[in-house]
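Next come two complexes, and both contain subunit A; in the first it sits with subunit B, in the second with subunit C.
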Partner chain A sequence: MFAFLIHFLVMTGIFAIAAMSLNFQVGLTGLSNFGQAAFMMVGAYTSALMYMAGVPFVFGVLAGMIISAIFALIIALPSHNLRADYWAIVSIAAAESLRLFINNEKWLAEGPFGLRGIPRPLSSLFGDNYAVFYFFFVLACVGLVYFALERLNKSPYGRVLRGLREAEDLMEALGKDVFRFKALAMIIGGLVAALSGSLYAHYITFVSPETFAPDVTFLIWTMMIVGGSGNAKGVLVGALVITLLNTSTRLLKDYLYLPTSLVAALRTLSIGVLTIAFVVARPQGILPEHKHVISHAGEEGVS
Partner chain B sequence: MLDVKHIDKAFGGLQALSDVSLTVEEGTITGLIGPNGSGKTTLFNVITGFYEKDKGTVTLQGESIGDLPPHSIAERGMVRSFQIPQVPRGMTVMENMLLAGQSLIGENPIAVFSRWSAVQRQTREMIERAEELLESVGLLEQRDELTGSLSGGQVKLLAIAQTLMTDADLILLDEPTAGVDLALTDQIMELLKDIHRGGKTMMLVEHKMRVIGNVCEYVYVLDAGKVIASGEPTAVQNNQRVIEAYLGTEDAVGGKEWK
Partner chain C sequence: MQLTQLIFNILTRASELALIGISLTLVYDLLDFASFAQNSFATLGAYIALFFSVGLGMNLLLAAVLAVVITGILGMLTDRAIFRWLRHSSAFIRMVASIGLAQGIRSLVQVLWGGQIKDYGLGVQEPLTILGATVTPIRIVIVIVAAAAMLGFHLFLHRTNLGRSIRATSDNRELAEATGIDTERVVLYVWFLACAFAAIGGILIGLETQLRPSMGQVILLATFCVVILGGIGNVYGAMVGSLIFAAAENIGIAINIGGFQFPVRYKPALAFIVLILTLLIRPTGVLGRKES
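And then the complex of A and B:
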């Protein structure tokens, strides 16, 4: 049970990072990124391949983040004038193109067979307690990402992101280069999502194109919607709730002796029903976006 | 200060503006009037870079700005408001004001981490200024309210305060008194005159002749995409072509909008 709890918390942390990244783009900026899995994939594959080739872990992760940022910029360049719904189509198309490219090549990453036996950094040091170590490592990453994105949210930069979500023309009229702000939001989100992907790859030790299918993107969306779009704390809660449903339903197999196929269906069903319930009854999520009250001294309170 | 020459703009087969030229002299309040659909807002959109023009030039303080995107034009000191004010409803009045600050260090995401104290210092300066401006338009009490909860009139005032916050030299206001009651219209007129005394150059689109006559020093009249008259407000008000274009019939001269 303890092993399961640690596993659950690690997965929550990994997905929380991806969900905070998505929240930065969608919840704050209003850019409907439906290709989040692809940014995770870039991070996962880059750091896995580089680590397997002998590059130090940290450099592999950073390389993944940089390539993911470039991928984000490539998506943003032609799409910056598009409305949210068209932006969604472009991002999912770009993500699927990348996934299908990896699926159909053999020379780089073993195509559909994926990368097996991705080594875990520092594994010789921690032995059987590796998951516990990894939990604290992921927790530190969650904390760092949370701090960084919240600071950005409260900064003049983040304020413009929230402004252009509702009033893009006004931002242009007030002298803000809207494209620059949007492109940077995609890049920042891309950097963070790649980190999440790397953490996943070195924990699970196996990734394939199937790992980053569009349903992973949808899972991250549900975390944001259920938790509270625009509120980073809410998104953390959302990641916890959805990961709980996503990982614990497989326990049903052990305790209720249900067939595997039924459990998989139950998992998808429960997450789907929960998401629909929230969209209908509480669209602002568990913790709604809060009002940014700024004091005379420039401090930001929560209300 | 602002020179607009020979502007043509068509939407498909509709010629929205044809050969429109006008000048805004530094230190004046210039009015732009005309019936609905005469092209006033289109002209605003062309001048401020929101629409691409088919022909013509726009010059701001000697520099050609005709091909610049809207944000570059705003950075050069010409800022506009919108006829239907755009306000991010989920943000407070103060946040809306801070959005209008210019050359903010904290708009660079790297500086947000590397120069946080400088960002904070600048934010405090901006807050001081925003509070002064909010006081001058009578919105200081609403400082921490969401703009979504403001009345229509308060939103109009906020939009004006926002353009002032940019510290632009030339302010273009698109119907600052549209949909506003008489008392608030008077308040806005006084506000505009105050701003003018503070050294700002302004251009406004208006429907109410009362506002034009009271506030503007020079007026251009647009009809069906053409400038049909220009001059001082009193001269323009009595111009026969203007009366016909604006009101259709002479009987309506006594109408409410006119007086």
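And then the complex of A and C:
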């Protein structure tokens, strides 16, 4: 039970990072990124491959984040001249193309078989208590990401992002370089999502193109919607609730005596139903976004 | 490859895509959001037909008709249960709801029928040779059914009162309401039609290949591509778009320029390339998109 609890918390942390990244792009800026899993995939594969090649862990993770940021910039390019729903389709198409590339180019990362036995950093130091160590490591990353993104959110930059979400033309009329702000939001989100992917790869020790199927993107979306899009605390709650649903069914299958595939289908079914229920009955999520009231307009210079 | 063979391959693929494309474009036109769920309705329709034909031993044609009607009714129920409450939400919220719905339907299919590959039990088809092209009879049926469905739909839109109401509501909802059209009822009928068309598409795909819970989902990008290519919200655009897309896909793989051959394993990426090119060159699609 303790092992399960630790596993559950580690998974919650990893997905919370991905969900906070998505929240920064979607909940805050209004950029409907439907390719989030691909950014995680870039982080996961880059750091796994580099660590397996002998590059120190931290450099591999950073490299993954940089490549993910470049990918984010490329996806952001057409965001300016496309309608929001068209761009959403472009983001899912780009993510799927990247997955197709990894799947087909076997020389790069074993294609559909995926990377097995990804080493865990510092594993010799912690032995049996590795999961506990990893939990604190992930927790530190969650804290870091949370405070960094909250800081950005409260900054004048964050205010422009929220402005873009509410009234893009107004921001343009105010002289903001809309594309630059959107691209930055995508890049920051991409950096964070890659970190989440790396953390996943070195914990689970196996990744394949299937690991980052569009379903994963949807799972992260559900966390954001259920928790409360636009509110980072809400997104953390959402990650907790959905991960509980997602991991506990794996625990339950030992007691339910149902075939694994059936349990998996029931799990995705319940997540789909939960999403619809929230969208219809409580679209603001468990913890709604705070109202931002700017009482002293002009006190801080908006750059 | 022989030209007649190429044309036949294009026609088969276009037929399947056009029907689901019409489904997507109808929902987009009347409800103003890109629904991710239409492809899942195609899957559902194919499985319901499987239940009636293989499960209950019914005649395949009767099973297909029943499945199409039932899927249409399920579409109407979906609107009552979900989308009716989201009429005034942002398009993006409706889109998320449709993704949830897509995942729900696919999971439900997996719960009810299992994840293994199934078929309608038609057995191995003896291929015919027509004008030098090798064609299985079922593919001829697919093209004829799709063509008949589209022609019927065209006549329905232009010759019946309900069809005219749909066109009027799609052009200008307020004006339609002012002339006494019950637009909420029109929306319900559109859900029926859209999901019924998706079901026909799903059954045709199931006839040509096999049934699996992800059969609709795997052509999601292709469907979006077809619809944007033809001009989203435009029913005839979906037909033209599917022809162009199927042609690009089949010719793209058939051509061989100076030894360079497009790798077949990247065939799904063609949808993405065509999509990006359309959006860059002519974002309104070939036949144009209605501005809403």
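As a convention for this text, the second predicted complex is superposed on the first by the 292 of 303 C-alpha atoms of A that agree within 3 Å, B and C clash if a C-alpha of one lies under 4 Å from a C-alpha of the other, contacts with A are read in each partner's own complex, and residues count from 1 in each chain.
Following the convention adopted for this analysis, a contact is a pair of C-beta atoms (placed from the backbone, for glycine too) under 8 Å apart; a residue touches a chain by one contact, two chains touch by 3 or more.
Since the model is a prediction, treat every value here as computed from it, not as a measurement.
Enquirer: Consider subunit A as the common anchor and indicate whether subunit B and subunit C clash or fit when overlaid.
Expert: fit
Enquirer: Quick one: the Cα-centre angle at subunit A between subunit B and subunit C, nearest 10 degrees, please.
Expert: 80
Enquirer: Can A:T243 be said to touch subunit B (first), subunit C (second), both, or neither?
Expert: So A:T243 meets neither subunit B nor subunit C here.
Enquirer: Kindly classify A:E289 by the partners it touches after superposition: subunit B alone (first), subunit C alone (second), both, or neither?
Expert: In the superposition, A:E289 touches subunit B alone.
Enquirer: Quick check for you: in the superposed arrangement, does A:L184 touch first (subunit B), second (subunit C), both or neither?
Expert: It touches subunit B, and subunit C stays clear.
Enquirer: According to the stated criteria, A:L269 is in contact with first (subunit B), second (subunit C), both, or neither; which is it?
Expert: A:L269 sits against subunit C, while subunit B stays out of touch.
Enquirer: One more residue to check, A:K176. First (subunit B), second (subunit C), both or neither?
Expert: Touch partner of A:K176: subunit B, not subunit C.
Enquirer: State whether A:S47 touches subunit B only (first), subunit C only (second), both chains, or neither.
Expert: Neither partner.
Enquirer: In the superposed arrangement, which partner chain does A:V160 touch: subunit B (first), subunit C (second), both, or neither?
Expert: In the superposed model, A:V160 contacts subunit B only, not subunit C.
Enquirer: Based on the superposed arrangement, let me know which partner A:T12 touches: subunit B (first), subunit C (second), both, or neither?
Expert: In the superposed model, A:T12 contacts neither subunit B nor subunit C.
Enquirer: Shortest C-alpha to C-alpha distance from subunit B to subunit C once the two structures are superposed, in angstrom?
Expert: Across the overlay, subunit B reaches subunit C at a minimum of 14 Å between C-alpha atoms.
Enquirer: Going by the contact definition given at the top, which residues of subunit A touch subunit B in one complex and subunit C in the other?
Expert: none
Enquirer: Inside the complex, what are the residues of subunit B that reach subunit A?
Expert: 48, 50, 69-72, 74-75, 79-82, 86-92, 94-96, 98-102, 104-109, 112-113, 116, 119-120, 123-124, 127, 131, 144, 146, 162, 166
Enquirer: Taking the touch rule as given, give the residues of subunit A at its contact with subunit B in the complex, in rising order.
Expert: 148, 151-152, 155-157, 159-160, 162-163, 165-167, 169-178, 181, 184, 188, 289, 291-294, 296-298, 303
Enquirer: Mind listing the subunit C positions that touch subunit A in their complex?
Expert: Answer in residue numbers: 33-34, 82, 85-86, 89, 91-93, 95-97, 99-108, 110-111, 114-115, 221, 224, 228, 263, 265-266, 268-269, 271-272, 275-276, 279-280, 283.
Enquirer: Flag every residue of subunit A that touches subunit C in the complex, lowest number first.
Expert: 32, 78, 81-86, 88-90, 92-94, 96-97, 100, 104, 215, 218, 221-222, 225, 261-262, 264-269, 271-276, 279-280, 283
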